[in-house]
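Next, two complexes with chain A in common: one pairs it with chain B, the other with chain C.
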Partner chain A sequence: MTTTTTTPLPRDEKAAPMAMTTPRPARRRLRKDLVRSRIAAWSAVLVIGALGMLPVYWLLVTALSTPGQAFQFPPKLIPTEITFSNFSALAENDQLFTYLVNSMIVATITAVLSVVVATYMGYSFSKFRYRGRRSLMHLVLASQMFPQALLLVTLYTVFSSFGLLNTYTALVLSFTTFTMPLCVWMLKGIFDTIPDALLEAASIDGASRWRTLHSIVAPLAAPGMIAAGLFAFVRGWNDFIFALTLADKEKQTLPPGLVSTYIGEFQTAWPELMAASLVVSVPVVVAFMFLQRYLVGGMTAGSVKS
Partner chain B sequence: MSTSAPRQKHGGRLSNGAFALLLTAPGLALFAAIIVYPLVSALFTGFFRQDLRLPGREFVGLENFTYWLDSGFGTILKQTLVFTVGATIVPFLIGFALALALNSGLKGSGFLRGLFLFPWVIPGVVVSFLWMWIFNANYGVLNGILLELGFIEESVSWLGKPGTAMLAVIITKTWASFPWMMVMLLAGLQTVPKELHEAAAMDGAGAIRRFFAVTWPQVRGVASIVLLLEFIWNFQHFDTIYVLTGGGPAGATETFATAVYQSAFKGFDLGRATALGGLWMLLLLVLVAAYLWITERKGDAR
Partner chain C sequence: MTTSGISRRSALRMFGIGALGVAGAGTLAACAPSGGSSSSNGGDTKAKDFAFTSWSLNEEAAKPAVEKIIAAWEKAEKSKIRTVSYPYNEYLSQLTLKLGGGETTGAVQLDIAWLGAVAQMGKLADLSAAAKKGGYTDVGVKSGVYDGVQYGLPWTTGSIGLIANSKLLEKAGITEHPKTTEEFEAALRELKGLGGGVVPYAAATKVAQLKDIFPWMQTFGCTLLDGDKVTIGDDASVDAVTWYKKLHDAKLIAADVDRFDARALFGQGKAAFYDDAIIGKGATAAQSKDKTLADAMQPVTRPVLTSGDTPRALLWGHVIAVAKGEGQEAATEFALHATSDRATTVEYFETLALPPATTQGLADPKVKDDAFTTAWTEQITKTATGSPFWQFAQNAQIEEAVAKQVQAVLVGGAKPKDAMKQAGKEVADLIKR
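This part shows the complex of A and B:
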C-alpha cells in the first residue's frame, strides 16, 4: 500500500502518443539519455553482479575441489579437475543425516503450526472490526523486532523448568516466535484481497461463520496459506541461535550441526563444508522459486506491499 | 468497511466481536507464552543475581545495570552501531544501484533479479561459512587475489585482527542483505510512471535532476521502510558475527547480541545477561516505535 499511491498506467499504450507530441530537442535528449542510462545500467549490473556472484562461484568451485586443490596457495581460480567425493563423504556421515532429519521435522511442524494459528488470527484481523484489534496487530508486528538473543535467555530457563530442553517441542515453539508473526501478517494481507461481498453472500445462503471460513475462504486463500507455510519453513530451516542453544546433538538442526561438525576443528575440511553448505541451501532455493510471486509481500511480512 | 463480516442471522450464540476474539485465542495464548512472558520476565531478571545452572536468585537492585554501565556498555553500543550503520547503508546503496539498473529496461532483468537473490535466500550460516573460507588467513581466496594484484605484501588474517574483523563482518552481512533491499526498491521503482520521466525531460530536466525530482519522491516511502527494517534487524543481528568471530578478536566485534548471548550461555550469569538485554531492548523500542509510526502514517495497518 505504500507504493501504490499512483495507479500504474499501461505503459506502452500511454507512451506512444506521448512520444509523438514530444518536441524534437526533448526527444533527442531523451534518446541520448536512454543510451547513456543503458550503458550505466549495464556497467552497474556487470560490476556489482560480478562482485556479488564471485563468492557463489567460489562456493561451487571449493565444493567440487579435492582437499589438495583447496589447500594450495595461492588458490587456482579456475579448477583443473573436479570431484564429487565431498558430496559422497557427506552421504556417509550419519550424524549429518540426523541433523537433516531433525531440520525436516522441526521446520515442517513449525510451518504447519504457524499457518494454522495464523489463519484464524489473520482472518480475525482482516474481516472483523473490534476494540483492541489494532493494538493486537501492532503487538504482533512489533514482536518480530525484539531481540532473539534476549528472548532465548528466558525461553531457555522456561523450557529447562518444564524439562523441554533437547526436544522437538522446544525447537518448534522457539521457531514459532518468529514464524507466527510473519504468517499472521502475510495471511491478513491475503484475506484482505477476498471480497467482503463473498462472505455476505455465504451468510445469506445460511452458512455459519465457521463454515464460511473453512469451506469458502480457506480454499480461496489456499495458495497464500501454502506460501506463508513455505516462508515459515524456510525461516525455521535457516534458524541458528535457537537450535544451537536449546538442543544438543540428538535434536539439533543442520545450521548449528554444521558449525559443531566443522568449525573449531584443528583444520576445517573446507571442501566438505562447502559441499554441505550447498546441500543445506537446496531446499530454500527451491522454496523461493515457488515464492517469487509472494516475495515482496512476504519479505516484510505484510508490512510493505508492492 | 466498518463491520465487514456477515451478520450472523440464525442461531449464532456469539456476537461478531466475540467470534473474532475467539479466532485470535490460540494465537494469543501462544504469543503470551513464548514471546510476551519471556520478554517481560527477562526485564525483571535483570534486577537479580541468578545463575543459569542453579535454582534460586537474589535481589540485587541495579547492580547488574551499573556493572555494564561501568564497563563495556559504551564499547558494545559503539560497535553495535558501527556494525548496524555499515551493514545497513552499504547494502542499501548497492541494492539501490542494482534496482535502478534493473529498472531501466534491461533484457533479462527478471532472470538477473532471481540470480542476485541467491545470497539472501541461502541460510545465514552458509553465508558465514563461505566468507570465513574467503577470509581464511592461510588459504583464503581474498588474500590470494590481493597478493596477486599487489595490493597487500603478505597474507592478512582478516578475521583475526581487531582492525579488520569488523570490516569483514560488515562485508559479509552486506552480501547477505543487498538482494532483498534491491527487490523491495525495484518494486518501488516499478510504480513510478514513465510518463513522469518523459514530462520532466520535456521540461529540460537532466538525468540527475529527474532522479531527485521524479524517482526519489516516489520511492522514498519504500526506501525509508527498507532502511529502518534493516537497521532494526542488524541492531539485533547474531548469526554472522557469532560464527565468523564469536565477538572477537579481543571483543572487537562484540555487539549487544553476542554480549548477551555470551554472558548468559558462556558466563552463565542470567542477571547480567538480561540487564544488558533490557538496556538493548529500550534502544530497540525507540526504533520499533519509529517503524510503527511510519507504517501507521502510511495507513498500512488499517
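This part shows the complex of A and C:
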C-alpha cells in the first residue's frame, strides 16, 4: 500500500499556479472513493451475510414461537411473543437423547476410521511409486461418481446379506464410503507438501518407514488430519437417507430421528423441530468453532507447493 | 513431484475402473439374498408373532392409539408384534426397498394412493376372504382393491374435499353452499367483497399440492385416463385450468399456497374455503387462536359444472395390507381386527377423528353423532373416487408433471391449451416407462 504526504504551502504562496494546489482535491476525491468502496464492500458483506444468516435467524424465531405464530400467514420476521416451551419439551423426549448418542457414536467413529485409513492411503499415494498407484487413486475417486441412491440400494442388499442391518457397523461403513475419497485426496495433497528430503533424513538416521510416518510425517500433517476428521464427522452427523434406511429406531441418528418425531402425515411441528435442530446442532457448531482454522488450513494445504 | 493432469490414457483407465466398479456393485447386489425376486418373504406363515409396519407409530397424535390396539392384540392372543415405522414422507420408498429385500413381513399400513405401486411388487397377500368378514362399506372395500384383488383391508376411508368457514359465509350473506361452479364463483366474489385480506378460496397453487386440480378437471368432464389413453389435454381439462386461472387473476384464489398455507389462512379466519382431508379439521382448528373455529367448519360438496352432475372428490384413506410369508395368517387376523372390530374402530375414531370403514362403525352413535364426520361421509366420501394414476409407480412424477404445467398457466408462462397438451404428453411418457 502506498501513502501520499504533502507539505503545507505558506500563506504567500496561495496564488501559486493551479498545478501546485491539485493535491488537496485529488486527496479528497481519493478519500471519497475510498469511503465509497468501503461502503460498497460493507454493504455487500452485510447483504450476503444477512442472506446467509436469515435461515438461522428464522430457525431461532420459529423455535421461540407458539404453533399459532409459526403458522401465521403472511409470516412475521419479528415475533410478538416468545416461548421457551419448545425447548423445555425436548427434555421430556427420551428418544431424542438416544438419537443424539447414536449420532455422536457414529459420527465420531466415522471420523476416526476415515482419518486412520485415509492417512495410510494418502501417504502411500503420495510417497511411494508402485504399479497400479494411479489406477487405485482414480478408483478411490470413482467411488464418488455414483449417485448415493444407487449405492444405497447396493449397500442395503450387501449389509442385509451379511446381517449387518440395524447396527452401528452398517452406518459407520456406509458413511465412511462417502467420506474416505475426499479424506484420502485431502491428505495426499498435504503429504505432497512434506519434502522427501525430510523422509530421507529420517531414513539416514535409522528410522523405519513405519516410524517415519508416525513420528515425523503424521505430526506435520496433523492440521490436515483434523480437517479431514472434521469433514467426516460433519458428513456422518448430517446424513439422513443412509441412517434412515440401514438402521432401526434404536440405532438411528438425529436427522432421521428428528424427521420421524416431528414431521407427520398431516402436520409438521415446526417450532419443536426448529428447537430440537438448534439444540442438536450445538455440538457441531462448537467443534467447528474450535477446529475451523484446521479445516480451512487443511483444505488448502495441498493446493500450493513450495 | 507428480503431475495431476489427466491424459487420455488416464481417462480411459478411469472409465475402465468406473465400469469395473459398476460391475462390482452389480455382482455384490447379485450376491444379496434372493428375497427381491421371490413372491414371498419366507418364514412360517402360521407364526403367531409378526411385524407391523406403520407410519402412525411415528406420529405423536396417532402413536398411543395404535399402540393400544397392538397391546390389546398381544394380550388377547398371547403373541408379540414387532413394530417398525418410517416417516410418512419417506415411507413408500423405505417400504418398497425393504419389502423387496425381504426384510418387511407381517401387517403393513398403506396410504390408499400407494396400494397399486406396492401390490405390483407381488409381495402382498390376497385378503379377499378376510374382507368378506369385515362388514366394510363399498367405498372402503374398493379402496383396498388393486387389479381386481383385495390387497388391503380399509382402516379408515374418507376423502379430500372442500371445507367452508360458515362464519365468513354468513358475513358475506351466503346462506346456502354453492351447488355449481357458477354459483361457487359468484360466492367467491361475494367473499372477496368482505375485504380485510380475505382469500375467498385458499386453493392449492404451489406445485407440491396442485394435484388438487384433478377433481376440478373431473368436474369439468375430463376423465384423466381413459383405458390406456391419457385424456389430460382435452377440452374439459383446458376449460378447468382456464377457469382456475380466471379465479387466480381475479384474486379469488391466492398465489403460492399449499395445504399448510391454506390451513394457516383458514385458521386465522382469512380463507372461506379450502381443500383438505377429513382429518384436516383437527389440524387446522388446533393451530387457530379462534377456539370456536371447529364449530364453524363445514364440509362442502364440490360444486358441479351442471346441475345433476356427480360431485367429484378424491378418495383418501389408509388400509392394512399383509406381506406374504412370516406370520401372514396372524397378521391377517390382526388387520381384520384393527379395521373392523366395532369397539376398536370407534375408539380409534374418538381419539383421532379418523372415520371407520365399516357400516357398523359408521352407525355407532359415537360416530354418527359427530355432525362433521357424518356430513362429510354422506356429502363427500360417498361419491369420491381414487385417482386413475395411483396404479402407476410413477404417480408422484405424474402429479408433479401436471402441477408444473398448471402453475405455468397461473403465472402466465403458458396458455392453458398448450400447457395441458404438454402435461398430457408428459404423463403419457411417464406411464410408458
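Just so we're on the same page, the second predicted complex is superposed on the first by the 218 of 306 C-alpha atoms of A that agree within 3 Å, B and C clash if a C-alpha of one lies under 4 Å from a C-alpha of the other, contacts with A are read in each partner's own complex, and residues count from 1 in each chain.
Here is the rule we use: a residue touches a chain if its C-beta (ideal position, glycine included) is under 8 Å from a C-beta of that chain, and two chains touch if they have at least 3 such contacts.
All values derive from a computational prediction rather than experimental measurement.
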- If you stack the two complexes on chain A, which partner ends up touching A:L165: first (chain B), second (chain C), both, or neither? second
- Message: Contacts for A:M145 in the overlay, against chain B (first) and chain C (second): which applies, first, second, both or neither?
- Response: both
- Task: Go through the superposed model and pick first if A:V259 touches only chain B, second if only chain C, both, or neither.
- Result: both
- Task: In the overlay, answer first, second, both or neither for which of chain B and chain C A:A269 touches.
- Result: second
- Touch check for A:F71: first (chain B), second (chain C), both, or neither? both
- Which chain, chain B or chain C, is in touch with more residues of chain A? B
- Where does A:Y156 make contact in the superposed view: on chain B (first), on chain C (second), on both, or on neither? both
- Check the residue A:I39 against both partner chains and state whether it touches chain B (first), chain C (second), both, or neither. neither
- Message: Quick one: is A:V101 in contact with chain B, with chain C, with both, or with neither? Answer first, second, both or neither.
- Response: neither
- Message: If we overlay the two complexes on their shared chain A, which of chain B and chain C does A:V56 touch? Say first, second, both or neither.
- Response: first
- Message: From the superposed pair, tell me which chain A residues show up as contacts to chain B and also as contacts to chain C.
- Response: 71-73, 134, 138-139, 141-143, 145-146, 150-151, 153-154, 156-158, 245, 256, 259, 263, 305
- Per the touch rule, the chain C residues reaching chain A in their complex are 1-2, 10, 13-14, 17-18, 20-22, 25, 28-29, 31-33, 36, 55-56, 58-62, 84-90, 94, 97, 101-103, 260-261, 263-265, 267-268, 270, 277, 279-280, 282-283, 286-289
- Note on the structure: Counting only contacts in the complex, chain A reaches chain C at residues 67-68, 71-73, 134-135, 138-139, 141-143, 145-146, 150-151, 153-154, 156-158, 160-161, 165, 192, 244-245, 248-249, 256, 259-261, 263-269, 305
- Under the touch definition given earlier, write down the residues of chain A that touch chain B in their complex. 1-6, 8-9, 11, 14-15, 18-19, 22-23, 26, 29-30, 33, 36-38, 40-42, 44-45, 48-49, 52-53, 55-56, 58-59, 62, 70-75, 77, 116-118, 120-121, 123-125, 127-131, 133-134, 136-143, 145-158, 173-174, 176-177, 180, 184, 196, 199-200, 202-204, 206, 208-209, 212, 234, 237-238, 240-241, 245, 254-256, 258-259, 262-263, 270, 273-274, 277, 280-281, 284-285, 288-289, 292, 295-296, 299-300, 303-306
- Mind pulling up the chain B residues that touch chain A in the complex? 1-10, 12, 16-17, 19-21, 23-24, 26-28, 30-31, 34-39, 41-42, 45, 52, 94, 97-98, 100-102, 104-106, 112, 114-119, 121-126, 129-134, 136, 138-141, 143-145, 147-148, 175, 178, 180, 183-184, 187-188, 190-195, 198, 201-202, 204, 206-207, 218-219, 221-222, 225-226, 229, 232, 236, 238-239, 242-243, 256-258, 260-261, 264-265, 270, 273-274, 277-278, 280-281, 284, 287-288, 291-292, 295, 298-301
